[in-house]
């Protein structure tokens, strides 16, 4: 039974807290949030103790591992503090919006054997995992094309967008990571991006933000990778993978919450609406992510999704922004 | 190039005429209909000659084979006349609404080697054929369960219903034949039927007719067969088979006219409406049926779907009606 | 927080125990099994106390409600004891294999306001619930046809079969209940059954047991209902509903554990295998069933699936066996 | 009844010839091929006359319209000759592999009112047409993303490839046109391309040819368009469209030749293989294309798919090749 601390009790923090609370091998021991009421409410539901500061969390000898779900600007600090305290940490993505801060954090924790896991939950989705396993097993032969479709059901608030660092750092970063997961070591070396405020041009102009993107990439082996993003999909959260090789094609398709299918004069074989958003769509994935983190926290060793994965996804986002500025394909600088 | 005569220029007759006209190996030579204008119109479109009587058709030495699409009451007569004239005949189902007339016709043509084909078009559908072939190849092991779903898009007119001999003789007869086709010699030996005017009770009462039926049958080997009928399906003509054995399941599914699929706030993955009715759904089957008939007409030998198939389907309909009257399972009398 | 006792720590008992243990509003307080080691193992995993006898469970003032997952022969006794002790009870189906024992139990508990819930878990499946809700909302108009397909992935052991009371009492009973659930008060009044040992005739002869059944029923309103069972389906646990009315069709379809779909030279759009069996397929349903039971245990009132539901499902099974013996449709005796 | 001449009696020419021969409103009057035996064989099957030269075809006053299915190098010449002779012409794509020859041809026929149709058959596919109609009707709101997936079942021969002008001019040109068809006037203004010999690198090096491409484009309105090509797809000819807007998504999906679906221990709901290649997949489209051409030939006016469509598709191919050379997005020069 591991004692877990949670820093950040907003929407995704509460979800992490509930998962820890329900887990047979872990206990939600301590929670912290700068908004004390948020921490207190979660503590009341789960029996956790409220910590007054993040520092108190890291100093607490009764805390075995920490989950960081606070605002992005604090991620790198907390990772460094967790490593310094010797506490395994699962930190929500992204590590930071500024690649220089990420590099500094990387330097700060270099050589540690404290597990640092980045919250790329989609790697733990059973369908995506089965697709990756099938690719790795050679079912389609060499992987030559990969398409990642990722559309949110509806745009976030202005407030969220203003702090998110841009759609490509905030949303596409999951898709960069998912692509890297399927590519299995065949790293992306070149990125070309299109992005625009096509769904809500007025808002795009007001916030200087895009809402649709297609990003075309090339890997070291020459494989072609497309990421396809939109901030609005009224038919539901759209999360698909398509992997192609000389021997066939694999798709990881969308999921419906149940199997009701309608046949009427208006629609033939119409399915139930897709899972509305990530908390529902990736519920299994979030649980499996926690399993993985707890396992690493117990046994030590590298996290299944590590700091370097977080850094590389951000490098791809940086390359995409550079491509948008320059109107050309941009090489990815991945070297140390 | 075979010269084909067509007797009966109503809706299905015109369809047959058009298929013959478009066929590379056949010519629509002669047409006849008691409504002269109907025959003349089709003749004008196709270059066929109009015959004043069915007798003139059978007497015409230039006619190589005959398609009969006239009213049901004339079918047995025309089959007898075609056989007497030595002309291969493709006759629409059913042979007659009265099983005694069918038996008399059977006696009259006993021993002939003139091909007599009954218009059970569904046997020629590529999906149903592929299912039968897979069953015959043992893909599911021994066939233990078979479900035939057959629902019309909308009920026929009062006038049609009054002359059709009852839903089970008129509509289900296709399903009896299709079941026999898949069963491949394992004949049905017992029939139990439910039927009712559930969709339009008022009309059912007025016309003394049913609009829904489920018919449960047992074969000589013990296999279980269900036929599932309705006279109205606003989502389109519903034509499905499901065959089950110890090794798996096979389905022959519905077809859409094209592949447009919609994803909206209201419906997920909604397909195009099904093919509206038999002329569209079984267009390929009607062409293949004609191919088969022309082939038999050229080479002689047994028709792919013969008189005995027509008779046996009607015997199953008779058994179903007997079951409805008696409220019990009824043995099928198939012996000569 | 309700203290729950569990009687019966076999496969399904352990599943119930784990669900209670993981539930935020309940605690697995006491467990009992005639095989002491089974109870001790579950107690060790969950922190529950082991009770030496079922009587001790019912006598324990600290027990708020009881789940019965013991052998069928004990169900009616335990229901009576639970009612006598004033403890809400969730009892696995069937109430008893002998309808006379069920009737006696009914008499014994008549007039009680202690909630008695029967474990028809499928009523809590989200897809089946959505179908029922759509039917109840009139989406297809009046319900005229209902098909329940229910095939197990593989046959149970000889030992299981010898104690199960026959496939129709053991397996079909779920389908009778599910049909009643969708029918929503339009009770079945007549049953006709076919059953046979078609998948494994040798075993069927040895154990005097069937492995396939089709059961055709009629409701008070005239609606046609088919249940379609097989004890073996190598493509996975097959659990489907199809509801038809004048305005359309609704299906509750099978579920795959994830969305991987394969396109190869051998197979087009081949999905992942279905959920293997009821514990996986109905995982959500079992959780929702527990939610419902806990809710009723807290608030009192009628269970969502009550004793009468258990009795009526068994009456349909009795009618089916009578139909098999008599080769005819059998009226259902539902009156008190 | 229009008298049609066919120039070019290879695989696709024979297909056109058969379609004309079977058409109720047209007659295959004259055929020509530099390989006389090819022309004679088709003439023997259809009753057409053999012309000794293309010139004789254009000079023949009995020829109402001409279909050109000869080698690409002759297309522009024959278009010019057809226009000079006042004969409507349906010419296979591409107009020429050299954009300068296309421009010269454009100048040569400027101002003509003789219908010139280019053989972009896919525009006539019912699914693609339904998608375009739904987009045009505003079903998804403004079109913001469009994905065209187009994979051939297997690579062509070396001989074919050496004369085809490169995959993007030969194969992708259909997809450029299909994208333009759906975009409905919102022209592509910028093209970025990736291409490589990923499926068969050895062959790619030997023939200096690619076998996979992803081409990312931007339209005047800012919409994002992806074309996704591969020369090999062992699961069958893969032809899909996906159109996305703020209100939803539309897909035009692949078609199977029939509805057989298999459920076994190995695969769940595995469909029949896709239509093998363009002659089968686009059979309806080729017929509808001929209908359209015959209609224009009779009535005069602009062809439904005109010379300018052929030219613009080639301009997109040119831009894609320029992008490949320069590693950057390339503006499309569409102005006269």
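By written order: A, B, C and D. Residues from 1 in each chain.
Simple rule for what comes next: a residue touches a chain if its C-beta (ideal position, glycine included) is under 8 Å from a C-beta of that chain, and two chains touch if they have at least 3 such contacts.
These are the chains along with the protein names UniProt gives them: A, B, C, D = Inositol 2-dehydrogenase.
Keep in mind that what you see is a predicted model, and the values were worked out from it rather than measured.
Chemist: Select, from A-B and B-D, the pair of chains that is joined by more C-beta pairs in contact.
Modeler: Top pair by contacting C-beta pairs is B-D.
Chemist: Between chain B (Inositol 2-dehydrogenase) and chain D (Inositol 2-dehydrogenase), what is the gap in Å from one C-alpha centre to the other?
Modeler: 40
Chemist: Go ahead and note the Å separation of the Cα centroids belonging to chain A (Inositol 2-dehydrogenase) and chain B (Inositol 2-dehydrogenase).
Modeler: Chain A (Inositol 2-dehydrogenase) and chain B (Inositol 2-dehydrogenase) have C-alpha centres separated by 58 Å.
Chemist: Counting only residues that touch at least 2 other chains, which ones in chain D (Inositol 2-dehydrogenase) make the list?
Modeler: Residues 234-235, 247-249, 262-265, 272 of chain D (Inositol 2-dehydrogenase) touch two or more partner chains.
Chemist: Pick one for the touching-chains graph, please: line, ring, star, complete, other.
Modeler: Shape = complete; every chain linked to every other.
Chemist: Can you check the complex and tell me which residues of chain A (Inositol 2-dehydrogenase) touch chain D (Inositol 2-dehydrogenase)?
Modeler: 142, 144-145, 147, 151, 192, 194, 196, 198-200, 212-214, 216, 218, 222-224, 226, 228, 230, 232-235, 238, 244, 246-249, 327-329
Chemist: List the residues on chain A (Inositol 2-dehydrogenase) that touch chain C (Inositol 2-dehydrogenase) in their complex, please.
Modeler: 21-22, 24, 125-127, 129-131, 134, 139, 247-255, 257-265, 272
Chemist: Along chain C (Inositol 2-dehydrogenase), where are the residues that touch chain D (Inositol 2-dehydrogenase) in the complex?
Modeler: 234-236, 256, 262-274
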